[in-house]
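Here subunit A shows up in two complexes: once beside subunit B, once beside subunit C.
And now, the complex of A and B:
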């Protein structure tokens, strides 16, 4: 299975295409990648139910409230989708470089710089048609993110510096730069308690999708996930990336432009995270301020790992996580539990699903069969 | 800036560095120990926050801050055990698991910590090194927590232990080459389990410093990411516990620069100084790493240096 190329150790000979005579392998393989996380989810849910029972609360009430808070009404579904939309893009910032075996954990830096770049170009360009301005803001945000994560890729490819550390360092540098600029040169004097850049203007903000309260960021996220799925699994560029992720040496021997692939994949991922920051500015905040560093970058790492670095699988994972986040308020009001209850559940789910990674390939029934 | 103001800033920075650096010191020593055994634990951020909460809650309930300190080390060790046990399964990524543990730890801390945001718990005592001075400013600045000295002692002991004890050598072998360790019949997973648990316990003590010494209260914004920053700090210190002490003081001083500049009326621009340690770490890596050659002192089994 090629999408497991994300983990350097996961690509082995067992991932080779199934022999022709084993027609059932495709389906058993698909079943494995559904059953394993499902089992982990059940275990996490059981653990959390035990936790609730110890606190004297009913797990059934909790499930009911999560369902109602996340998917029960048109309002809550929209809320869930809004919570999911930045995560789609920040997860891609992890999943794309992961195809080459890279672990980028600095998406947060690309988010804040993307948002800042978008917010910075809006006031000087005030007066041009909103649609044009929005496109320019998107370009600015994506470029900022692309440069930032692309730099981590460049350091990896050219200097051999580990991308995990460098992207984390770059994220902290980005946040410091962001704070400096938002509280210094670009600060709107009117923003007293919460330093912000100047307002981009209500007319320049994204509208809502017709008939909903959902902003177009969700559409960008879904389009990006589908486009990158096609890029990775249906194009020669993606094939080159996956070969590199499987074995750097093999890719070099084949003459693949490994350096270029690494930098491009990192830059594309960074562009996605930068776009997430831009959407946060253009659809939610209307300006760049500390709300941009809300941890979307870190949540994205987990979504990408939960989706096993498959861009299409990112969509359901982000929706599930968005739904859990969206139902936090309802649980707080109805069950008299702290809103952090959802964080406890999220933590349990993450730990269980990541640990379940170990079960892939352990059961012979799911494996390709040899000729009799 | 007048020389008097400059002196004030310098002094406030020194005092701030002593305070701000202590959590960095403990988390980085914990991270250093874990990484020396060949595994990275980003979950130390969770151990720090959960440790801060547990220390505050136990100190409030029992009236004894030292019991709180023990509790912090205990919950830290539990998180470390969980991380190490799950990472010893094949195919489980220690980086992703660390972030999951971080979220689980902070979530649990926020959940159980809600009732303790308001009440004030007994604090750990400090040693008044400023007794000779009549200036209240100097006296409060030189109130140094015994935890700072404990951290320095732990750092020195670790540096000595890595060189001179059987246990220290064992940890380094496991961290440098799992194959050699296996050939020697060492139980790799058990050793990593121990190193990670002790490392997270140290991170928990760092959290206890936050809630019981400085700033000395419990709230959900208590940690400013010291647990994650520790990863950068350990790289900066090149996996040497003695350098960790210096690096923690440097990172602490950079963090203390903002508030001390504010005390003399400068409120802009210090964010760039906050970023200085990260820029320094990055520059250090750019200068010393070449393709095919890792950082000096880096454990060979560590996923983040390959």
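And now, the complex of A and C:
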């Protein structure tokens, strides 16, 4: 990877062991990784406020509506969490390969194929206990996603094909394949004007978490984020991945199984996106149809970059973005602004956060200090 | 106002034919207090020159009504997002009548919400509501726009010089096939040697493919193009640039093709929305199932463009007058599909209301193209 310097994985190498006498470094370093994105958010907000003023709208009204639409009530919070749940999983599809310096942007393909695999195995297995069926559907969905993104990883490792391009093109192929199967071999003949696979059955659907409107996809997402944080930062597998991300040559010289690491990390990411598709089928749609391609795979890219590819940071970032999307509707209705307004804000945040990368390590105060 | 509907309501009020007349009316009586808030939800943008714009124009028509407040949200995907939008409109805006306009909003999303909120009325665009299965506070409305495509075909049949017409279609589903076949039958009623070449793009909104399809149809000799995709903008603009004629669909696209626009099949949702808004204001029972065509003003034709010949206008106007009288059968036997198989027997004739048309799975003779 020629541009690996731009990837956050490179910065993880920079957290080289701090000199023992500088006990404050650890905290200053943590503070740096909070303050820099916070500054970026403030700049993006300022830019967006200017944009709103140009449109003749009040930025304060906007903030008020975002708050009310995203976090202001129990309903809003649940709405935000629901919007965040598929994004937790699809962001992992970007963040895991990113540890090795790979930029995978084709998670959407894994989402639709994961959903399709899950929806496809349900009708033939009708009659087995729902819990067992759900587990099998999860396995099917995760496998489909793992194979798809794992293939992009294989192409990278074995054939030197740029994984960004190949994963994106594979996503288009996946969606075309998905449409073909849903409208052809697996089409439920009763779905006349909206081709869909057969219903998985109401009894086989996930319920809601007790006392809420939130489905278990949120729990899966949070567990996955924590589990992969541990995998990446606390295991030798994760260390191998990060070394590879820092320098492929160095990893090879160390005798790390680079090819295997690349394929496994991609497959794990794909499995997460596949699980997102399965949840969409088992908790929301009840069948596979074109609504599965709702853009979760692409939104995941944004979140992974906002989280600087840190699996744990994905959780708050997904909630922030979920909240923005959740409040989008209220903003449309109350301020009479088009849907694209929230996209403008998202774009500004994205650019600001990416540009803020340049501030890391620029301020001496945050750096390790030498012995006096 | 639909004459068909008025009759059935009168029957109900008179208490005559109670069981039969109850099909199509809700048992729920909502007496309005203060302004009535009506929510509209669109899958695309409100200014897409197509499906969503047609609905937004209908919504705009009731905005000025006294005692009516309209709230709108655009670009809402066919996922849990639409349920949350409906809930938000009910909880935060106090909406008591909702129109989720996209086909995929119905099952499971609108049905879920209708079961949860029995004091709110839900009406969905499409023909999916079924009294035996679905809640009584839900319902469907739809228009027979195939009539408009037949008239498009008549005008196109007069205007074509190459005797080749082109149709850019999204998916081979019954609603689209009715339009392709109606357009073809209309054109061939003028000259039986006319053929219509159809290209399916595979999805509702594929601007690049729509442009490619339009170009290749014109390259193949077609000199009048029409379409059935969500937003006809790209097809209409491309056709105008190539100097060919267009027949519009969904909404009026005259502005996009001032020279080549002939006429167009448009929805006239204002009729439907005004009727429902009126009932909401008076606190009257709302019908569950409403359908209508040209005669009921559910569908209208764009004004003729400058290029249309007098002969074409005269022919189309006289067919339209027949259609408005009612009972005009576009599909009548003997009718063969484009593989030579008889699809409608010699003694059969199906007017637009015929249930047989709703599962259409063929392309009539004269269409060049394949299903699947």
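Assume the second predicted complex is superposed on the first by the 357 of 372 C-alpha atoms of A that agree within 3 Å, B and C clash if a C-alpha of one lies under 4 Å from a C-alpha of the other, contacts with A are read in each partner's own complex, and residues count from 1 in each chain.
As a convention for this text, a residue touches a chain if its C-beta (ideal position, glycine included) is under 8 Å from a C-beta of that chain, and two chains touch if they have at least 3 such contacts.
All of these numbers come straight from a predicted model, not from anything done at the bench.
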Three-chain arrangement built on subunit A, subunit B and subunit C clash or fit: clash
Touched partner set for A:102, first subunit B, second subunit C, both or neither: neither
First, second, both or neither for A:231, with subunit B first and subunit C second: neither
First (subunit B), second (subunit C), both or neither touched by A:81: neither
First (subunit B), second (subunit C), both or neither touched by A:195: second
Comparing the two partners subunit B and subunit C, which touches a greater set of residues in subunit A: B
Which of subunit B and subunit C A:261 touches, first, second, both or neither: neither
Which superposed partner A:338 touches (first subunit B, second subunit C, both, neither): both
Contacts of A:290 with subunit B and subunit C, given as first, second, both or neither: second
Partner chain(s) touched by A:183 [first = subunit B, second = subunit C, both, neither]: both
Of the stretches 201-209, 255-263, 273-281 or 291-299 belonging to subunit B, the one that collides with subunit C: 255-263
Set intersection of subunit A contacts, subunit C complex versus subunit B complex: 176, 179, 183-184, 338
Contact set on subunit B toward subunit A in their complex: 42, 82, 86, 89-93, 95-97, 99-101, 103-108, 110-111, 114, 225, 228-229, 231-232, 235, 268-269, 271-272, 274-275, 278-279, 281-282, 285-286, 289-293, 303-306
Subunit C partner contacts - residues on subunit A that touch it in the complex: 68-69, 75, 79, 82-83, 176, 179, 183-184, 192-195, 280, 284-286, 289-291, 294-295, 326, 329-330, 332-333, 338-339
Subunit A - residues contacting subunit B, complex: 7, 9-10, 103, 105, 155, 158-162, 164-166, 168-170, 172-173, 176-177, 179-180, 183-184, 298, 301-302, 305, 338, 340-344, 346-348, 350-351, 354-355, 357-358, 360-361
Residue numbers on subunit C that touch subunit A, as the complex places them: 45-46, 71-81, 84-85, 87-89, 91-93, 103-104, 108, 126, 171, 173-175, 202-203, 358-359, 372
